[in-house]
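Structure first, commentary second.
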Amino acid sequence: MENNHLLLGALVTPLIGAIVALVFARSNRAQRSIGVLAGLIAWVFSTALLVQVHSSGIQTYALGNWRPPYGIVLVADTFGALFAFMVTSIMIGGLVYTFHSRDKCMTYPAFMPLFLLMEVGLIGAMLTGDLFTLFVFMELMVLASVSLTAISDDQYGLEAALKYILISSMGTLFLLLGIAAMYATFGTLNMAEIAQTLLTGERPFLAPASAIMLLCAFLLKSAVFPFHFWQPDFHTTAPTPISAMLSSIVVKVGVYGIIRLVTLLFIEEAPLLERWLSTLGIIGIVFGSLGALRTYNAKRMLAYSTFAQIGFILVGIGWGERLALIGAIVYAFNHAFIKSSLLMLVGVVSSYTTTKTANFADISGIGRKLPSAVGWLVLIGGLSLAGMPPLNGFISKLALIQGGVDRGDWQNLIIMVAAGILTVIYMIRAWQRIFQQNPLPDTAGAKNEGDSLFAPFLLVCVCLLLGTVLAEPLIQLIIETVRQLGDPRVYISAVNLPM
Amino acid sequence: MILALPLAVGWTIYTAQPTPGNFLLGYVFSVSVVIATGHRGDSLRYKSAPRQLTNLVAYTVFLASEVLFSGLKVSRVILTPSLPINPGISLVNTQDSTENQLISAISAHGITITPGELVVDFEETDEAGIKMIVHSLNMDTSAPNLEREQAMRLERIRGILGHD
Amino acid sequence: MELATITAVPFGLALFLASPLARNSLSKPLQTRLSSLVMTALFAWLLSAYPHLARTGAIAQSFDWMPSLGISLSFYLDGLSLLFALIITGIGALIFFYAGYYFDEADEHNRFMIWLSAFAGAMLAVVLSGNVLLMFVAWELTSVTSFALIGFKGATDAEAREGAFKALFVTGAGALALIIGLVMLSVAAGQILYPEEGIRFVADIDLILQAKSLHEHEWFVLFAILIMLGGFTKSAQFPFHFWLPGAMSAPTPASAYLHSATMVKAGIYLFARLSPVMYQNELWTSSLQTIGLVTMLVGSYFAVKQTDLKGLLAYSTVGKLGAITALIGLPDQSGLKAAFVAIIAHAFYKSALFLVAGTIDHATGTRAIEGLGGLRDKLPVMFWVTVISALSMAGLPFLLGFVAKETLLDAMLHYTAPWTQLAMLMVVLSSMFTAMAAFMLIYDVFLKPPRGRRHFHELSPWIGLGPALLALGSLSLGFLVQPLIVPLLEVATPKPFELHLFAGFNEVFLLSLAILFGGLLLFFIRKKLIQLITFPISGDAIYREFITYLEWAGTTVLHTQSGFVRYYLVIILGAVAAVLIASGTLSTLTAGQQLFPSDLSVTITDLAKIFMLFLTVAAGMLTVVVREHVKAAIAYGVIGYAIGVIFLIEHAPDVALVQLLVETMATVLIIIMLGRIRAGVRLRVINSLWTERRNYNLGFLRDLGISVLIGVAVFVFSLIALQNRPLRHSIAEWHLENAATVNTDDVVGAIVADFRGTDTLLEIGVFTTAALGLLTLLARGRQPGSSLAPLVAPVASSSEFDARVVEEIQDATSLSTPFTRSVSFVVLPIAILIGIAQVLYGGNGPGDGFTAGVTIGLAVSLWYVVLGYQEAKALLPWFRPELIIRLGLLIATVNAIFPVFVGQGFMGHIEFDQALGIYDLVGSFGLHVTSSLIFEIAIAITVMGGLGIIIEAIAYPTDRTQETIRSTDPA
Amino acid sequence: MIELLFALSIGTLFGIGVFQLLRRDLIKAAIGFAILFSAINLFFVAVGAFEGEFAPYVSNVEAGRQTSDPLIQALILTAIVVSFGSFSLLLGFVNIISRRYDTIDSDDTNRLKH
Amino acid sequence: MAALVFGLFFCAVGVLGVVRLPDSLTRLHASGKVATLGLFGLLVGAALLMPSAWLRLLALGLFVLLTSPVATHAIAASVYRRREIVEELAVADASTAEADITAIDATGVLSRSRIQDIIEAQERALRYHKSNARPKRDRR
Amino acid sequence: MIESAWAQAAIQLILLALVSLLVPASYRVIVGPTLPDRLGAVDLITTLLIGIIVMLALVESTQTFVDMAIALAAFAFIGTISIARYISEGRVF
């Protein structure tokens, strides 16, 4: 087994970036450049990794050359590499956004290092083959995002951070309980080795309970009903680029974990878990969509929308069929691009207000004073979110519906699709309120300049590409991913455990 | 540099490797640490190392015996069902005109480590010297002796520090 | 015949018009003529396919797009698509031309042309696509583009916004049903056509049309309903018709195009397109008939009730669409012929009438029928266009509309069903209403004496060209039906064709005349008639109710987001407890497992353990019952120490050491944080939570219940985990055997620094994260204390730095005594030495970089506590945590990466002393210079720096005057 | 026997921690937070994949003694550090919240809702 | 072994003293010092029984010697100063003195009725404390 | 190494006695009545824990345990001083 340095590079570059950015704490410009550079290099690594994984199978990296399962091993199967690629791609958007943002918090010396550490946590969580390291990566991500939200320009960021850290600790506890029980049961932390033991049909009795513990932890990270309460607050009050990352990729860590759980580790318990996933997903869809309809703030609306969209993904996973899983992964992937671009766009809109708020009361009609491109991009993003062709949201919807039809779960399928119309309602209404309505009397002062549109523009372009020419390659890749996920033996043998 | 010596000894004890090499290593570290933490050792004066060391040992032995005997005394008090105590607070002058903090500290340490009396606070008075506010478990027995004991203690401490 | 090119041309046109080149250098008339010309060219191009189609029946072309999702760029042209495509391009050319004179502003005009071209492209794509999923894509594009067109004036007109939204909502909802239906259809077709071959989707229309047994598929009912829902909403069929009148706020050219000729016909196209594989099922036909007939009657009746000119036209369109739908639904596709004729006729007269309405609106500024009249002289061309088109609509003999009506009546007469009579009655009634509407158009708008003087806007004469040509079509095509239309329709329908302008005085003709006269009669009694019937409920009201209900539901859902984090936790933990119980995990776990120990013997150390556990739990209980925070903190410290001793008894000295140090640090942190929170704030909470609340309320019991549930769950879980560890071995055995290879006696240390070094690296990353977050948070709004602290003032609105809440900070020295000061002076160097010893000799005993860092951090915190911020800072010039933490992280990272370049892998183990040949030298000091040693040093430095940052940030004295200035300065 | 007591203590500590976490007093909640993590660490050390009579040192291994599980100890070390980081962050939050909202009652810390 | 028993004895006496003695300062005599004496006994005993560890035990003893009195002293100082503040409060505002004593002495437990008064009094006390610039207890 | 079983048993008994002393020591932590009383009791508990650890070191015959006792002896007082300062005037700094 060869150590794959691309795999290491994707993970380590942002770490180095964070440290270097810390060293250059005096210069904000230097920090931002370092951040973007590190993001770009990590993206190149992860892209190359994805290509390599695609062409020559699962890649691994035994950290410190300590062979698995004794040391920590990084594993990039197509699934992990794809999600890491998604993370690095979106992160570039976030990092670029900071470059021309007028938020105070982005001038804090700790901002960029924390941002990059969050990326380390995200990428690491998706590439590690070790259960405990997964926990550490997730904690890194959580603490970085909590810190970033707490120092947000939004004065309620702290309240949100407080609530999240309290609620998130529950997830950490579940995770630790699960991991401890797994270690006691299997005597190892290596996921491949655990999977190998489980594949032999041996079912230690703590396994289902551990599965539920781990599942709860992942559900909490993804803000699934009833673990969602922190999410609208947290995603709304974070600094714009952070909130874009939170609502697009950070919630996907939970999705990633859940998929790993049901495809690699707890295949036998999967039906039980999937039943829960479907139910929670449907509730999430209804709750999130309805909440988005009536909430008072555009960012918050998008946060509720994320709540609903995660529901779609969960129902897809919950259907437990190959096609449905393809749909779920396509959905998860595309949603990241749509949601991050939309949140950044709303961030741009609110950056033009004097109080930097996205409350509808303050941004209604403000669109008339903004560059017209903002309106266009928000409309395109919104339509993509609503699943309109030829944007990538449509691809997600189609893939998921095909999965649902394949499964024949008409009841959930129809609820899902009926809830889909709510997306149209809230997105279009919001668009009309911001860009068409007459300004309210209190929407008096719009500033002459705001954050740069460049990053969201890039992401919207990607949405467009993913909906058209890149759609087929993506789906092919995801089909391959799901094929690989379907046979845990591939993963296990790639990790090359001693016999 | 002198201050580093006891530290180096402490290092050797702590690392439990009584070798010259280790002592040297400890001394190097100690010196750097002493410099880093801003100790200039101005309270400690070099007079005659052997004498000062002897004084230290003597003080330690004295302290140990004090601790032991007064401990026994207090134990008896506690174990007596009637609890014959008469607690109270008295002011004791450190009798050190230099107002050296280290001397006050060692005095307080000496008083506090031995059962029976306890330094609860310090007070700077207009006259020279720092006064210690001492709490005694039994005023009847300890109050009269406090000043005398302090004089003795001060002498020993000066002997160790090299203030003559 | 490149169908793809044809489809792409209008989009290309839209892009061209949107380009700066066209916007800046192409004048308004040029844009108009160009667009119109393009549409005409497309019309001609399509027409040229006709001979080919007459020979072969259909043209299919296909390119790959997303084969894995079943979408291909397939195009399909047969008679049916040709018919629709010709209407789209033909009428389109005229409307584009008309639009050139409709807008006064060049900018608006350009924007409109862009959207209209895009819409035309989408529409063409709907009818030309040869793949149902591609058709859906186009279908959605028509929704989006029509949204833009309907809401064209949305920036100034709330009604336009509302109308656009409503249209998008209804058609969007239908589209969602449609897409499921289409996916099911294509799966079903795949199963029918390739039952063995595992092909999932057959979405290409030419193949679907070959799946003749589709109507027998088990899913048929479901997908038929879903597809019909899509079609009904798009074609504004009852009860979804209500969006169409709302959509009339579009600029008139758009209304004319969308609502007479194109978009609403998309649904019709869908029904006609799928008819060959669907019509054999009763559900399909009877649904189309029922809905169609009801829509027809309702639409034509509502039309005459309208006061708005465009509203009248809109509802009459609804009625006509209903009729066409019903015709498509007639058994055995017998109505298709009539449907197609109706489509053509309707396209001509309705677009003409819309354009007339637009012209009137443009000229007079109003569309209210009440306020119009006497326009015959002012708009002569328009008057004659209206006369011809309205009469065609009414079905006056020899006009095109007459042919259509005749075929319709003919089809209905031949239709035999149990309720034929009723259907016939509905047709006659609605035709009478339509005729009545036609008379209203002619009389009320043009002939009626005008009411008052009105503003009149002069118009370009060219504006009449489009309407005139359309009227000419209505007038002449009736006569030319045989040579021009019949061949076209013969290609389009599966049935042999016969069409007459006048078939003699048969019952159909007589019926037509009767209807005409009936309409006239109704026209005269219209004032009374309108008040006669009112519908108690309308689709619009239902829609409004529905939206209101949704909003109510949304508000209700939001109420769960109460803002109380305790409730969130209650729900989350309650849910987890419920899941654990409901899923039976606990009971299955306990079933058959040994829960309670058989061996009750305890050793002395066990007894010590038991006492420690007791102490832990007792202190835990104490934290619950005490009111004061500092007492809870004291109790918490006891827990920490007791657990530390338990670790020790469990033979985990490394963990015990870390636990003891960290707990001490945590206690110190709690205390200094408590010191930072105003006493008043804390006392108020204590008071309101304890003193004023004597009686234990429900919330208390609920919390207690949840705690007990969770406690029991964890108890069972851990008991099982402890009692039944199945494998008494683990990978740790390998670690025990191989720790010697990294020159370490302490296996835990070896794991931490080597085998799982990355975990540790990340862990100091986590620690750094917390330190940086805390520093930034606490240092905001202060004078920068370090290079990692923010340099700018905080957000102006946050009140945390208000003078009112800034605590009073005093000189710390008054709080300490010479004794404490002296000891703290002594302790720091000792602590540093201990730290160094822990790093250097940690490999052989408890202690490692982390403990070293915490040790030094503790001593530093002692300095800050005892000496106060200023003095401690002054005495420790070298202690600059923000530099130290960076140094530590840098060393750790370099040390982690360096091994990569010598082939040891990230965080690999390197023996530097061996490599440098100083092994024996350093060995004489009992040392080994390895990468793990450097790593431990780095950890120690990082942790020391991190703790330093945290302590300094907390200890920083807040200066009242500065804060006051800052908080009033809105920077 | 000792297993039962361990489980009982862990369960009780969890219950206490959860109960504290549900208090309105944020400082109490923070202490609950810390107690929960202590309980987890207790669970970790109790649940180690194997038991031993000696600390995990190579010298003990070489002497043929049965040592305790070193890996789980390394995990606890990491868990302690991570939870300490979270805890200090939480304390900082409570501190600033007390200034910003002039209260440490979590029920009054509810500006974000709906 | 005798040393161990000796140590145990003093530890026990210390604990007993803490339970028995009447007030905070006298209890500190028992807890801080008698028990420390006991601990020294234990250390000596351990060093005799486990000679290999004598150096470490010596280090431990030195640390106990260093830190135990200072902890005791700090606690004693806190007792003493709490009393002092209470006295000052009585000077500052005679009418609220009663409430203040309870508030300061055991903040939460005894603050029964007039919490607002107490908060105010406490803040007043702090102000008083500051403005009356007591003679510095120590200086460098 | 402690050879004789008798000595081992005696050490274990002393350990047990020390551990059981924690109970009365906890009495003052729980009962108080004043904060310094509780704090003093915690200090006492720390002292006892140091003793217990030393006894444990004897029982297990490992020196490494003594390091723990040293850590406790050298640094636990920092917590005590902080709390003592806090309770004396309601603030640390």
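The letters A, B, C, D, E and F name the chains in turn, as written, and every chain counts its residues from 1.
In this text, a contact is a pair of C-beta atoms (placed from the backbone, for glycine too) under 8 Å apart; a residue touches a chain by one contact, two chains touch by 3 or more.
Worth saying up front: this structure is predicted, and the values here are computed from it rather than measured.
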Contacts shared by chain A with chain E include exactly C
Under the touch definition above, the chains in contact with both chain A and chain C are D
Using C-alpha centroids, which chain lies at the maximum separation from chain F?
C
Farthest chain from chain E, going by mean C-alpha coordinates, please.
C
Centre-to-centre distance between chain D and chain B (centres being mean Cα positions), rounded to whole Å
40
Which integer distance in Å separates the CA centroid of chain A from that of chain B?
62
So, in whole Å, the Cα centroid of chain A is separated from that of chain F by 48
What residues in chain C touch two or more of the other chains?
558, 561, 565, 569, 573, 628, 631, 633, 651, 653, 674, 679, 684, 686, 714, 721, 725, 727, 729-732, 735, 756, 759, 763, 766, 769-770, 773-774, 777, 798, 810, 816-821, 823, 827, 830, 834
Give me the residue numbers in chain D that touch at least two other chains, ranges are fine.
21, 43, 47-49, 54-55, 57, 71-72, 78, 82, 85-86, 89, 93-94, 96, 100, 109-112, 114
Flagged in chain A as touching 2+ other chains are 132, 136, 139, 143, 146-147, 150, 155, 158, 162-163, 166, 177, 180-181, 183-184, 187, 189, 232, 294-295
Among all the chains shown, which pairs meet the touch rule set out at the top?
A-C, A-D, B-C, B-E, C-D, C-E, C-F, D-F, E-F
Taking the complex as given, what residues does chain C use to touch chain E?
626-628, 631, 679-680, 683-684, 686-687, 690-691, 808, 810, 813-814, 816-821, 823, 826-827, 871
Chain C-facing residues of chain E, complex:
66-67, 69-70, 73-74, 77, 103, 106-109, 111-112, 115, 118-119, 122-123, 126-127, 129-130, 134, 136-140
Chain E partner, complex, touching residues on chain F are 1-2, 7, 10-11, 14, 17-18, 21, 24-25, 27-28, 32-37, 39-41, 43-44, 47-48, 50-51, 54-55, 57-58, 61, 63, 66-67, 69-70, 73-74, 76-77, 80-81, 84-85, 87-90
Which residues of chain C touch chain B once you look at their complex with the stated criterion?
817-819, 821-823, 825, 828-830, 832-834, 836-837, 841, 875-878, 924-926
Complex interface listing, chain C residues touching chain F:
604-605, 607-608, 611-612, 615, 618-619, 622, 628, 630-631, 633-635, 637-638, 641-642, 644-645, 648-649, 651, 653, 656-657, 660-661, 664, 667-668, 671-672, 674-675, 679, 807, 809-810, 812, 815-816, 820, 827, 830-831, 834, 845-847, 851, 855, 858-859, 861-862, 864-866, 868-869, 955, 957
